[in-house]
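See the structures that follow.
Here chain A shows up in two complexes: once beside chain B, once beside chain C.
Moving on, here comes the complex of A and B:
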């Protein structure tokens, strides 16, 4: 796959080295300083932790996909991260291991927030479900399935979250066109007895439904 | 015979047959924890023992928007409930990937349309965090004050609509009377009543003038009396208490496990508030309490929200005091990271170029940078995860919206409740579908 070309002007006028540095970020929070948790993770899962990314005072821990349930259970039971604030997918498009799933966990007692990330390859789009550890992951995982087409093994209700089940695409993938796929999602009939509206821009294309007070055309008209 | 066996969805429905079949299949196969509870106790069968599958919404006045509930009833008890959302799905996260950071902000107005100011602030703070932009003091105080007014406005609507659901139509009208004052304030300060779009990356678009300050001062003076009137009417109101007490009970553990946020979480005895948890803007410098209740029922959530309004007034008072003495810029004076002022744009060449460049490309956070910033919106934790690829448009925006999170808890809350309480319970969770459906 070729590298994606940015669509904006090629020169960037914000110098890249003025980045929101590690310690200089004015919005960095004390809650994302999670050194103790990182140490515990490193000692318990030395083989599973693949990378720790630091940015804007936040720590993102990337772990092995196969061990994610162990890591989440450890964080919940041993480290006090009892609250799942967010779970979502990321499409990295041109990179290897195309998809990422992130778990945003909160420790309410100590006031800490950590982000755990796993990578999913395009060839095996199945991930163990976190619903057994955090019930709150239920709808978020359905959303990831809906938007990215990643299946969650062990999820007992993997229907689409927002789009109807009659829809065949996964819209947040980068290759999905912004305008949608014409005809992929029929709209309701324009008259009670009519057929489904397959054209999403029916009115613009000249199909104006009769009003309810309009007399239907007689046979001899 | 079950609805699945009776119905050939492909034959009877032309519109979304697969979706509806999946929904009712889920309802049928869902593990009903109530059956375990009822069948073991040897109680005589209910005289009204008959099972019925009922579909409520998406077009229903009590579902606060386009929420659809498929419920299985046993007499009047809701045995199982499956919520179906997505009828207002616009794909905002997808749209964000094709807009510059500043261009995307008006879309956030239309998410939680009851408190648009909070959404603007949440988005701007997230972008400022990923790009490392500092915000001048005065702008932070303005943002904080207006967000608190937005919280009052959102809670007022919750109160009015919640009481209308319980049958008291007059409170709905009274709450809109005082919301009208808030809308006038927003109109004066931001130039728009509903879709305010007042915050800008690096600050706010315009300073508050004397008229605006006077209007807010007047509102802060008048509101406590109005609030006291409602408290007098409702806190010891037999009908209102009876409708609310002991329904939709969520224990502390359940609330955390289901991931509830905001007043719903605090109504269950967990004092979790992003304003304290990870203080943003100037919340560290103001004095306020976090109302909390232990009971976890609808009444507890009612008390939490009512008290929160008064805490907001307290914060607004402190902001007014501070803004009187604190003068200064309202936007970062760095034209590469925030819009230059209009004076600069009209009277200098550089200003004009910067304005053009900021509209065209905007702020470009470093490649690979990603950050999450959450605020305490009226409905709970509203967070944006923003990932940059070094261009002027975000690579990925993940929104963590409180209504979505809370609705997940509603499904659990409804099971075991009475059909008549359903409307009250939807009101007590206070969902906004514009936000839940993204």
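Moving on, here comes the complex of A and C:
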């Protein structure tokens, strides 16, 4: 019997780190090669483009957050990026300009992809809403508001996406405890007239939820 | 034999309980509370290969008024918990509950802020099933356990007590945090925020 050598069990990464800053990532096909768009952005928004990041063969453009709507409109109308594939938030926690919002755009005609990011500081957690440009941004912006507490100015229906409306926290922030804040998300009452159960581990603390209750008395009883 | 003599007289004696329980246990109508991936296995449980019709439970009822067995299949979010308890309360007595899978039993791998760490925190669960997801055989086993439980209940005598709280439950309940009442406790006092 041949014994399995430890080296065969090594965990293998996608070579993302070595590909940083290069175009050698085999996973990034020609779709992320968007030189023409980058040049057009640089000439139209020379003041707004803050940084162009090439990572693993993909291009990310960081722009001034005040100009994001102009940039998105330009990319959609002039450059053909008609499809907003994704919009999301990133919490960089200890960095300056703590939050990032990223927009993944796709040009369906030419098969090109580009990522645009803006940075949001903790002191001013409001950014312009992209819903006027891309309708698809609606739910994604609601999710970013729900998870990070970043407000989108001009969004017509900025409610929480997943958590209950009266929830007090933004759970994807790094400082939020993994198991949540006890008492912030109540369970159903233990009795019909009782208050909501605030203990998330009620069973472990001795609760035996009752099987059923007396029917409330009707009018003719 | 003694039974022969009674049969030869043309009648058979038994307990009402035994007849009622026999009928109940062989015609359990599940309410499929399919909340996530476990629900796929629950479908297999009802489909021809595993064929729960052999046990008289093939009639899945989506109306709580027509069901007497709730199968909680999948993880329960805090938002959904209120709906599930409401559906449960709408089911007519007698009723039973199966917590299917690691998530419904304990929260499973979803040890996070949004998922209830076990649906027994707000539902009276009769049978728990381990596994992620449990195989349909496990669910059939759980159904057979429920049938066993039903057959050993005092169904007629106990019907008078349905609706009343069990004394043991009442004694245990004041330990639980509640937002109102004499036992209302500030949760911050019990937990250290991380």
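Note that the second predicted complex is superposed on the first by the 190 of 221 C-alpha atoms of A that agree within 3 Å, B and C clash if a C-alpha of one lies under 4 Å from a C-alpha of the other, contacts with A are read in each partner's own complex, and residues count from 1 in each chain.
The criterion applied here is as follows: a contact is a pair of C-beta atoms (placed from the backbone, for glycine too) under 8 Å apart; a residue touches a chain by one contact, two chains touch by 3 or more.
All values reported here derive from a predicted model rather than from experimental measurement.
**Q** Do chain B and chain C fit side by side on chain A after the overlay, or clash?
**A** Here the two partners, once superposed via chain A, fit next to each other without clashing.
**Q** Pick one for A:212: touches chain B only (first), chain C only (second), both, or neither.
**A** Second partner only.
**Q** With the two structures laid over each other on chain A, which partner does A:82 touch: chain B (first), chain C (second), both, or neither?
**A** first
**Q** For the three-chain arrangement built by superposition, which of chain B and chain C touches the greater number of chain A residues?
**A** B
**Q** Which of the two partners, first being chain B and second being chain C, lies in contact with A:108: first, second, both, or neither?
**A** first
**Q** After lining up the shared chain so the two structures overlap, which partner does A:200 touch, if you call chain B first and chain C second: first, second, both or neither?
**A** It touches chain C, and chain B stays clear.
**Q** So, A:171: does it touch chain B (first), chain C (second), both, or neither?
**A** A:171 sits against chain B and chain C alike.
**Q** May I ask you to decide whether A:181 touches chain B, chain C, both, or neither, giving the answer as first, second, both or neither?
**A** Once the two structures are laid over each other on A, A:181 reaches chain C alone.
**Q** Once both complexes sit on top of each other, what is the least C-alpha distance from chain B to chain C, rounded to whole angstrom?
**A** When the complexes share the chain A frame, the smallest chain B-chain C C-alpha distance is 5 Å.
**Q** Identify the residues of chain A that lie in both the chain B contact region and the chain C contact region.
**A** Common to the two interfaces on chain A: residues 162-164, 171, 176, 178, 186, 188-189, 195-196.
**Q** Within their complex, state which residues of chain A touch chain B.
**A** Going through chain A, the ones touching chain B are 6-9, 12-14, 16, 18-21, 24-32, 55-56, 58, 60, 82-86, 88, 90-91, 102, 104, 106, 108, 111, 113, 115, 134-136, 138-139, 147, 157, 159-166, 171-172, 174, 176, 178, 186, 188-189, 195-196.
**Q** Once bound in the complex, which stretches of chain A touch chain C?
**A** Where chain A meets chain C, its residues are 162-164, 171, 176-183, 185-191, 194-203, 205-215.
**Q** For a test of understanding, state which residues of chain C touch chain A in their complex under the given definition.
**A** 78-79, 81-82, 85-86, 89, 93, 95, 111-114, 116-118, 120-124, 162-166, 168-169, 172-173, 175-181, 184-185, 187-188, 190-191, 193-194
**Q** Quick one: which bits of chain B touch chain A in the complex? Just the residue numbers, please.
**A** Residues 14-19, 21-23, 26, 30, 85-86, 89, 91, 93-95, 97-98, 100, 125, 128-135, 256-259, 261, 270, 272, 277-280, 336-337, 357, 360-361, 363-374, 381, 383, 385, 387, 389-393, 396, 398, 400, 404-405, 407-408, 437-438 of chain B touch chain A in their complex.
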